[in-house]
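Okay, so chain A shows up in both of these, paired with chain B first and chain C after.
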Partner chain A sequence: MSNQSSEIQFINRQSFIELGARERAIALLDAGTARELVGPFDRVESPWLQMQSVTPQADDGCVVMKGKIGGKAAVVIALEGAFQGGSMGEVSGEKMTAALDLACADNENGIETSAVILLETGGVRLQEANLGLAAIAEIMASILALRKHAPVICLTAGTVGCFGGMALAAGLASYVVMTREARLGMNGPEVIEQENGVDEFDSSDRALIWAIHGGEQRYATDLADALVDDDTEQIADAIRRFVAKGVPPVHRSSRVELYRNRVEALDTSRQWDPKELRTLWTANGSEGEQR
Partner chain B sequence: MEQIELTYPAKKKVSQRAHVGVVGSGDLEVLLEPAEGEMATVLIRTSVDGFRDTWKAVLDRFFTKYNGAACIQINDAGATPGNVILRLEQAVEASEQ
Partner chain C sequence: MSEYTGVRGTVWFRAFTGHASPMPGDPKSVLTADAPLGNDHARFLCVVPDSHARFPCARHGEVGLEEAYTLATRVREVIEHDKNAVKRPIVAIVDVKSQAYGRREETAAIFLAAAAAADAYGSARLAGHPVVSLVVGQALSGAFLTHGYQANRILAFDDEGVMIHAMHKEAAARITLRSVAELEKLAREITPMSYNIRDYAKLGLLHKLLHVENPERPSQQEIRNVRAELVAAIVDARSSPVDLRNRLESTGAREMRKASILVRAKLEAQWLEK
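Presenting the complex of A and B:
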C-alpha cells in the first residue's frame, strides 16, 4: 500500500472509541436492522444509586440492540464506559443476562442468533456490591449456555478497557477482539498497586500497564483473537468475520491444560518481561492449534 | 442529590422524542418527549446540590428560544451551564429531525 493511500485511509477512518455505547451497537449491526430493547424511555434504571446520591442513567449504562450481522440474527449488548465506569449493577446486569438468554432461546427454536458484548467496564458497581457480583455470575452462566449454539464475541475497544468480573466473562467468550488502546485484565493496575505496593505494579506507568494489559500484548500471547485499529469499519468487519465463523471447535476457557502448562513452565524465581512472554507463549496463530 | 422541577408555557407540538448525552462526569443525559397540552415540564436530577437558582436561570434562558410542549428529563453529573444548553439544543435538534 502506498503511503498516500494509507494516509487517506487514516484521515477517512471513523473512530469507534469516540462513539457512545448506543452508536457503537448500531455501527456493528447491518444498516437499518438495529432495534433497541429496553431503551432509555422505558426508564428501567438502578433503584440503588439515588439513595447514595448518584444520578442514575435512564438505560443504566447498558444498551441492548437486536438486529442482523452479515444477514444473520444477532444481539449487541454495549456497556457505556462514561457512566459509572461501565460498572455492572443489578439492572445493567439483568439486561445483559436477559438478552443473552433470549438469544439462547432463539437458537433453541432454530433461529441462529449470535451475541456481541461491548465491554468498557471496571466490573462490579461498588454501590450495588452483591447484586453486581450476582449479576456477573448470571452473565457467565448465560454466556456458557449460549456459546454452545452460536458465537459470543467480546469486543473491548477502549478507553476504559475490561476489568474485574467482566474480564472473567470475556474469558468465556468464543472470540475476543481488542484494539491497541484497550486493556483486559482481572485486577486493574490501581487495585494491584494498592494491594501489593508500587514495587509490584506502578499504576502511573502507562507504558508498563499497556505492555501487560494492552490489546497488542493480549493478542500476541493468544488471549485475544483479533487486534484491530480504532476504525469503525475495520471493527465491524472483524465482528462479521467471527459471526460467520460460528462456534469455535474448542473454546479458550476449555483449554485448561494449555494454560496450566504455560504457567507451570514459568521460572518464577526471576522477573519476566512482557516481550519474553510473547515468545514463550508463542505469538497468536503459531500455536498450531486451530481455533 | 437534588431534584428540581420547573414548568414553562409552551405552544409548539413536539413531533418525536429524543435522547442525547450520558450521565458521565461533567456531562448530562436529556430525555425529551412530546407532552399533552400547552405546557413544558422539566425534571432535573443532579448529583451536585445547591444550584437550583443556576438551573432555573439556564432553563429560563433556554425557554426564551424554545417553545415546544415537551416533557424533559435531565439526569446530570455535574455539567456546566454551557454544557447543559448545548445538550438541550442537541435534544431539540434530534427531536426535529
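Presenting the complex of A and C:
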C-alpha cells in the first residue's frame, strides 16, 4: 500500500472506540440485518442498584444484537463501558449467557450461528457481587458449549479494557481481537498494588501497564489473534474473517502443555521486561494459523 | 478474618484420599489423587499453600499460573483417559483465598492459565464427567472461577469459615469507599453482597449446605456423611443435563434471580421473531 493511500485511509477512518455499545454492535453486523433483543424499551433493569442509590440503566449496560456477519447468522453481545465500568451484574450477565445458549441451540438445530462478544469491563459489579461472579461462571460455561459448534470471538477495543473474571471469558474465546488502545488482564494494576504493594506493581506507571496488558504486547506474545487499528471498517473486516474461518482445530485455552511449558521455563527470581516474552513466546504469526 | 492457613483443604483431601501429596512433577501447591468414592474411583483435586512456591505472589494458597496449569493438566488427563470408558467423577476440594496478584502473573497471562483450568473442568462436565465442588473454606473471586465454579454440583459447609464471594471484605470496602463495618451492614441487607454462606445458599447456586461441627477436625462419622453427600451429588449430576441450568431452575433462583429468569424468557421469545 502506498503512503498516500494509507494517509487517505487514516483520514477517512471512523473510530470504533468512540462508538457506544449499541453502535459498535450494529457496525459489526451486515448492513440492515441488526435486530436488538431485550433492548432498552423492554426495561429489564438491575433489581439491585436502586436500593444502593445507584441509578439503573434500561439495558443494564449490555446490548444483544442478532443479525448476520458475512451472510451467516451471528449474535453480537456488547458491554457498555460507560455504564458502571461495563461491570457484570445479574441482568447484563444473564443477557450474555442466554444469548450464547440460544446461539448454541441454533447450531444444534443446524443453523450455524457465531457469537461476537465486545468486552469493555472491569469484571464483577460489586453491588451485585455474588450474582455477578455466578454470571461470569455461567458465561464461561456457555462459551465452552457454543465454541464446539461455532466460533466465539472476543473483541476488546478500549478504552476500558477487559479485566477480572471476564478476562477468563476472553481466555476461552476461539479468537481474540484487540486494538493498541485495549488492555487485557486478570488483575488491574491498582488491585495488584493494593494487594502486594507498589514494588510489585506501580499503578501510576502508565508505560508499564501498556507494556504488560496492552493489545500490542498480547498480540506479540501469542495471546491475541489479531491486532487492529481503531478503525470501524478494519475491525468489522477482522471479525468477518474470523467468522468465516470457523471453529479453530484447538482452542488456545486447551493448549495446556504448550503454555504450562512456557511458564515453567520462566525465571521467576526477578521481574521481567515484558519485551523479553516476545521472543520467548513466539507469536502465531498469522491469525491462529497454527491452531 | 483469621490468618489463612489452608488447613481445611489438606484435611479434607486427606480424609478422602488417605494422603496429601502432589503428583510427580507437580508443584507442591496442587494435590491430586484418585480414590474410591461410592462405586467409582474419583479424581480429587485441591490447591494448598506452598510457602516455597516458585512465584512469590503465590505462596499463601493463591491460585497462580502453576496451580492453574497443573489443575488443567490433571483434569484433562482424566478426560483423555476415560474417553471410551465410564466417566469418573471429579471432585474439587475448594479452599482458595484468591488468585495470585502479581506483575509476573499478569505478564505471563494468568487470565489464560485460569481460563485453561476452567476450560478443563467445563470440558470434563460437557464430556459427561460428574464434576462436584466441595467448598470447605474460602472460594473467592477468580480463584473460584478457576477451581470449582464449573462444577455440575456445588456443596459447601454451613460454617463461619466458609465464604464464597466476588471480592474479600477489605478490598470491597476500599473500592466502594466504605468501612468494613459499613460494608458488612450493607451486605446483610443485600443478599448477593453477603459474606455469609447461608445467604449465598439463598441464591440457588448451591446444591446443598452440609454441616460439620469443626471442618478443621472432622470426626470419622462426619467424613462418612460428607462422602455419602458427594456420592449422592454424583448420582444426581449423572442423571441431569451436563450444562449449568440447574442453578437457574433451583427453588432459590426462582426467588432471588427473578430478573435472570425474566431476561431469559424475553430473550428466548424475541430470538425467534423475524
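FYI, the second predicted complex is superposed on the first by the 286 of 291 C-alpha atoms of A that agree within 3 Å, B and C clash if a C-alpha of one lies under 4 Å from a C-alpha of the other, contacts with A are read in each partner's own complex, and residues count from 1 in each chain.
Operating definition for what follows: a residue touches a chain if its C-beta (ideal position, glycine included) is under 8 Å from a C-beta of that chain, and two chains touch if they have at least 3 such contacts.
Just so you know, these numbers come straight off a predicted model, no measurement behind them.
Asks: Clash or fit: chain B against chain C, after overlaying the two structures on chain A?
Replies: Because the two structures are overlaid on the shared chain, the partners are seen to fit without clashing.
Asks: So, does A:Gly20 touch the first partner chain B, the second partner chain C, both, or neither?
Replies: first
Asks: Would you sort A:Phe10 into first (chain B), second (chain C), both or neither based on which partner it touches?
Replies: A:Phe10: touches no partner chain.
Asks: Please work out whether A:Ile212 is in contact with chain B alone, chain C alone, both, or neither, and reply first, second, both or neither.
Replies: So A:Ile212 only meets chain C here.
Asks: Please work out whether A:Thr55 is in contact with chain B alone, chain C alone, both, or neither, and reply first, second, both or neither.
Replies: first
Asks: For the overlaid complexes, name the partner, chain B or chain C, with more touching residues on chain A.
Replies: Looking at chain B versus chain C, the one contacting more residues of chain A is C.
Asks: Once superposed, minimum distance in angstrom between C-alpha atoms of chain B and those of chain C?
Replies: 15
Asks: Using the touch rule from the top, collect the residues of chain C that touch chain A in their complex.
Replies: Result: residues 54-57, 65-66, 69-70, 72-73, 76, 98-99, 101-116, 118-120, 122-123, 125-126, 141-142, 144-146, 149-150, 164-167, 171-172, 174-176, 186-187, 189-190, 192-194, 200, 203, 205, 243-244, 247-248, 256-260, 262-264, 266-268, 270-271, 273 of chain C touch chain A.
Asks: Once bound in the complex, which stretches of chain B touch chain A?
Replies: Counting only chain B, the residues touching chain A are 1, 17, 19, 22-25, 27, 29, 31, 33, 45-47, 73, 75-77.
Asks: Chain B touches which residues of chain A in the complex?
Replies: 20, 39-41, 50, 53-58, 61, 80, 82-84
Asks: What residues on chain A touch chain C, complex-wise?
Replies: 35, 37-38, 42, 44-48, 51-52, 64, 66, 90-91, 93-95, 98-99, 101-102, 124, 126-138, 140-142, 144-145, 148, 164-165, 167-172, 184-187, 191-192, 194-196, 200-201, 212-213, 218, 221, 223, 251-257, 259-260, 262-264, 266, 268, 271-272, 274, 277
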